[in-house]
Amino acid sequence: MSEPRTLNVGLIGAGRIGSSHAELIARTVPNAQLVAIADPVEGVAARLAEQLHVPAAYTDPAQLLADPQVEAVVITAPARFHTGLVEQAAAAGKAIFCEKPAGMTLEDIDRVQQAVEAHGVLFRIGFNRRFADGFPQARAVIEAGRIGTPQLLRSTTRDPGLANPAAVAPWTIFLETLIHDFDTLNFLNPGARAVQVYAVADALVAPEYKDAGLLDTAVVTIRCDNGAIATAEASFSAAYGYDTRAEAFGSGGMVTAGDLAASTLRYYGPEGIAVDTVRADTQSMRGAYTGELQAFTDTALGHPSEGPGVEAARDALRIALGCIASCRTGAPVALDVVGAAR
Amino acid sequence: MSEPRTLNVGLIGAGRIGSSHAELIARTVPNAQLVAIADPVEGVAARLAEQLHVPAAYTDPAQLLADPQVEAVVITAPARFHTGLVEQAAAAGKAIFCEKPAGMTLEDIDRVQQAVEAHGVLFRIGFNRRFADGFPQARAVIEAGRIGTPQLLRSTTRDPGLANPAAVAPWTIFLETLIHDFDTLNFLNPGARAVQVYAVADALVAPEYKDAGLLDTAVVTIRCDNGAIATAEASFSAAYGYDTRAEAFGSGGMVTAGDLAASTLRYYGPEGIAVDTVRADTQSMRGAYTGELQAFTDTALGHPSEGPGVEAARDALRIALGCIASCRTGAPVALDVVGAAR
Amino acid sequence: MSEPRTLNVGLIGAGRIGSSHAELIARTVPNAQLVAIADPVEGVAARLAEQLHVPAAYTDPAQLLADPQVEAVVITAPARFHTGLVEQAAAAGKAIFCEKPAGMTLEDIDRVQQAVEAHGVLFRIGFNRRFADGFPQARAVIEAGRIGTPQLLRSTTRDPGLANPAAVAPWTIFLETLIHDFDTLNFLNPGARAVQVYAVADALVAPEYKDAGLLDTAVVTIRCDNGAIATAEASFSAAYGYDTRAEAFGSGGMVTAGDLAASTLRYYGPEGIAVDTVRADTQSMRGAYTGELQAFTDTALGHPSEGPGVEAARDALRIALGCIASCRTGAPVALDVVGAAR
Amino acid sequence: MSEPRTLNVGLIGAGRIGSSHAELIARTVPNAQLVAIADPVEGVAARLAEQLHVPAAYTDPAQLLADPQVEAVVITAPARFHTGLVEQAAAAGKAIFCEKPAGMTLEDIDRVQQAVEAHGVLFRIGFNRRFADGFPQARAVIEAGRIGTPQLLRSTTRDPGLANPAAVAPWTIFLETLIHDFDTLNFLNPGARAVQVYAVADALVAPEYKDAGLLDTAVVTIRCDNGAIATAEASFSAAYGYDTRAEAFGSGGMVTAGDLAASTLRYYGPEGIAVDTVRADTQSMRGAYTGELQAFTDTALGHPSEGPGVEAARDALRIALGCIASCRTGAPVALDVVGAAR
């Protein structure tokens, strides 16, 4: 009997999402084995490694990348380090799963692309919505032509709370939150391309941080080259939980995906009907996280499975950068200008 | 025993919505009696009057307004005649229920206001969404403070089909369709005021009519003076029926209103679960039409009941006019400019 | 122009459901006019008549039946008087709408049938579920063959509360509450006939009234001659509102009808999602009451419209009587024994 | 760093559910490792073992039980072998997870209890509904007192199809299908005990197998010692998928659990709204299967986690046996008679 082929994974960045991904790789994703964790904060990688029975812990990602055991890396470091880490990982010949965004500029994306192509390594970006309950099914319905030509699209991300407004970088809502929605809108409008964006954003949740540049609420209008008009919308503080929904309307029908219900339980009491809601992405997106890491693992092991790569990373980032430009000018922005660099 | 007090109503304009309103007044609205119908097309008023056992039919609205039997009028003539008819009806001392919009310009609204105030007559506008299933309940939840401060709002109107694109005036989507959504957004954001709009519109349903000025698909972003960002969206052709929904999200929660299901029936078959959808406004809005006409009748009979008047008409039209300006310039438009006339 | 033809209706029994029906006839049902009310309690008919602007009020139903103005009667007296009143009304040549049940025994139903046939008058029974949202649609799906042969059926009625347990007659749960479910199960299993019943009933809501014969909770299993097994279930006290639902499962699929939601409003707050529920039959069944009274009015005016008559009354009562026999013996009861009288 | 503690599991019976459980243990359940598979059919265990990279495959369960590597067994053999295999596994000192039922008679359950107690091994039965989406949440709501005293309960199991009617044993619908519902009803009525059952069953799906004793459709009424009346209902052929739902109604409210929707996707097209349904237990119950195997694994590894054991097995079987007696006599059966053996 042949030995089972397992992918040895190293994880860089053991913060909130890193810990969640680490646990999924270690315990839930079949054929993936977590063999190393790196985090610059003394003791953080070691503690997580002990808890998950992972043999190696490092404070320097370079050590992890130098570990010959490690075949693939999952990058969950802060966003500004993504591009550099991708370049190092590619140079080390590792298959790469990188949390979004892959970079902060289109030049970053060019660097990612060059590194990945030059070293011939697998690259996947963590656009989890593509693996979330209802979303791939929506895409399949659209690809089958059942909504006709997409005309109106919508994607929403509302986080359950804003723990530390002081720590949020000015354009985070576009670069790290709405980038999921931009990718979702691209995903649900196959073959089309965003050509213009108009963004409105404000500090409505924590207005006291507005002067520091915080934007916690935003609405974006996107025109696409197939005529479709898309809306992306985000808030950093939804009182009722973690809200990620999408809607795609076309000449032949509509699909919606996403749901707030935490389970099939319905309670009927003196106050009416009550339904518990999902409270965190690590709860409602657990299946999506598992799915994207599974697809990455399978592909790295030679069983190709679909997932977003450099092109998807670039297409979503172009929109995010257009939003920043639109906020700065208060006017709509043509994306060919934004994307001219390429 | 005192005689029941009944409101004698005359209806001007026996088209599609006029016929529907006529039937509701004649048959369903308690304490309202339809006593006269006017329509300029020879035979139209007479036929509808016979069908509904209405004693008087006219081809000239002036005849109807001169009929001493008529205490109140329902104006369902084409939109461009609304302002003039309101002025005549007010001069004749009739209580007035006018379909939207009350005029095509803010000057029109000024004329309506002056006429109504000068003659001391009741004026109501047909913003039916305020009486539609779920919408007044949503407003009550918002007024009770249960969603906190509104931050993100959305209102959608999608008509089931575009029967005659050639007959649609260029800005109809803003002046006659989205005006419902603008009013809904005002209704669900009590006390706030729209300050800026940005509109994107196109002919996606019937592109062959684009050169003739048809706009059949539109998305509007509205900034309000309480910080809220609202989105209104419309299409003239939804394959699945008549779709009117709203969502209001705030610092403390969210409400949604509107539903596509035609009844409580659910069918589970080999293809999965199937739910019939509402196919026409006269089906899904029947309760709302009855409600607004009932509120008008009750108020006219001295039992005051809430409903939208001149202020609501103006507030919604301001947004619609801002959209037209935005489409013309391709840029966001500040509404204080639009509303400067007043 | 021909005069509108209106049905002059007299109502007998101005209690809770009588007052509700009276108001619907007086204000909402087109082409029906409430011209007389009778109630034996001094002043009750007069007060309701004044409120609804009804010209005549009587304390003796015989007076109402003798009123030449009255063309049709709606019988909402206590159940034990139904059969006698139907006989008198038929003898007086009135079209008859009788609340359920038409009698307490199958002999009563025979008397009803003889009276109605002998005098050639219209007879309808108030099995409102046939007109409730979703139920006629369910029947249409079943008649179209879309669930195949019915195999498992279910109907539920749960009232929101038990105001006065002392006033409830021992078998009321079968004769007046579940009789709706028995009719619903017959309605959703067209052409089939109940052949055996087994009933379990108890006083779970108000156990202190059990010795007085109160049964407030019951579950009934019904075998039908097409093999289908049906369950009817009732409670006199649902904390969350008025709950009437049905389900029909067959070889080709399933339909469900009935819903607790009071409106399309959904509230999302810190506790999750909340939906208001319907709290009373006069709220959730208002459309059904209007529908059944409308169908009766139309038919009486010569525009035939479907609705349940003597046969439906008998078929449902047979099951109710079988339930009583089953409770007495603690065993299943064959309905051919129950129905042998005919 | 301490080594991760993993449970070495052997699986007996590689049929449909056995293969599904094997895959979950091998690939999805953290801390469980599938080390051996046994199946009497030549080649079946070997093929599954190869596919899942399991080192050992046997044709005789005794070989598997003799394998010192194996610490725990999952018994997915045909039902009639369960009791004997449990006895052998207990004698071999293995922790035991046994698919339902644990036996065909109460004497079987006594044997199971004696074996498990004598050898001090863990015993869990595969009542998966306790781990299915919504069901544990429903139990928690009930235990918190939020529905008050349970009065009316319902549990449904409808399988998507009857592949081979000839292979189904006569009482399978009670012993292997409805036994899930009996356990669910016990689970949702904590502390109560079934005292009487009445069962109606027939061959409605495959009437041509009725003479061979097939029963493919059944409805059971259960009285409990706290007054509650419960209904269990099953069909072997639901056209629309795999349908498992429960409802518990009490003096203070109601909970429902279970849902047919396959994902959050909703499609709105010319025919209305369409929702895909779950088509197989291995699809809709995947989470439940994982959950029950996880709870078993955790408990076996010394991290106690709740799950059904011998008492639950006995309580559900008592009801199933009562149903068989009720079918034989056509009458209700008191369960103290059925359970008298103990």
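Labels for the chains are A, B, C and D, by order of writing; each one numbers its residues from 1.
Assume a contact is a pair of C-beta atoms (placed from the backbone, for glycine too) under 8 Å apart; a residue touches a chain by one contact, two chains touch by 3 or more.
By chain, with names taken from UniProt: A, B, C, D = Myo-inositol 2-dehydrogenase.
Keep in mind it's a predicted model, so treat the numbers as computed, not measured.
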Which of A-D and B-D has more C-beta contact pairs: A-D
From subunit D (Myo-inositol 2-dehydrogenase), the most remote chain by mean C-alpha position: B
Copies subunit D (Myo-inositol 2-dehydrogenase) and subunit C (Myo-inositol 2-dehydrogenase) - interface residue numbers shared by over half, same or different: same
Centroid distance [mean C-alpha coordinates] between subunit D (Myo-inositol 2-dehydrogenase) and subunit A (Myo-inositol 2-dehydrogenase), Å: 38
Inter-chain centre distance, subunit B (Myo-inositol 2-dehydrogenase) versus subunit D (Myo-inositol 2-dehydrogenase) - centres from mean C-alpha coordinates, in Å: 56
Junction residues of subunit A (Myo-inositol 2-dehydrogenase) - those touching two or more other chains: 238-240, 243, 252-254, 268-270, 276
Sites on subunit C (Myo-inositol 2-dehydrogenase) touched by subunit D (Myo-inositol 2-dehydrogenase) in the complex: 148-149, 151-152, 158, 198, 200, 202, 204-205, 207, 217-219, 221, 223, 227-229, 231, 233, 235, 237-240, 243, 249, 251-254, 330-332
Subunit B (Myo-inositol 2-dehydrogenase) residues touching subunit D (Myo-inositol 2-dehydrogenase) - in the complex, by the definition given at the top: 238-241, 243, 260-262, 268-277
Of subunit C (Myo-inositol 2-dehydrogenase), residues touching subunit B (Myo-inositol 2-dehydrogenase) in the complex: 1-4, 26-28, 30-31, 49-50, 53, 55, 133-134, 137-138, 141, 146-147, 252-259, 262-270, 276
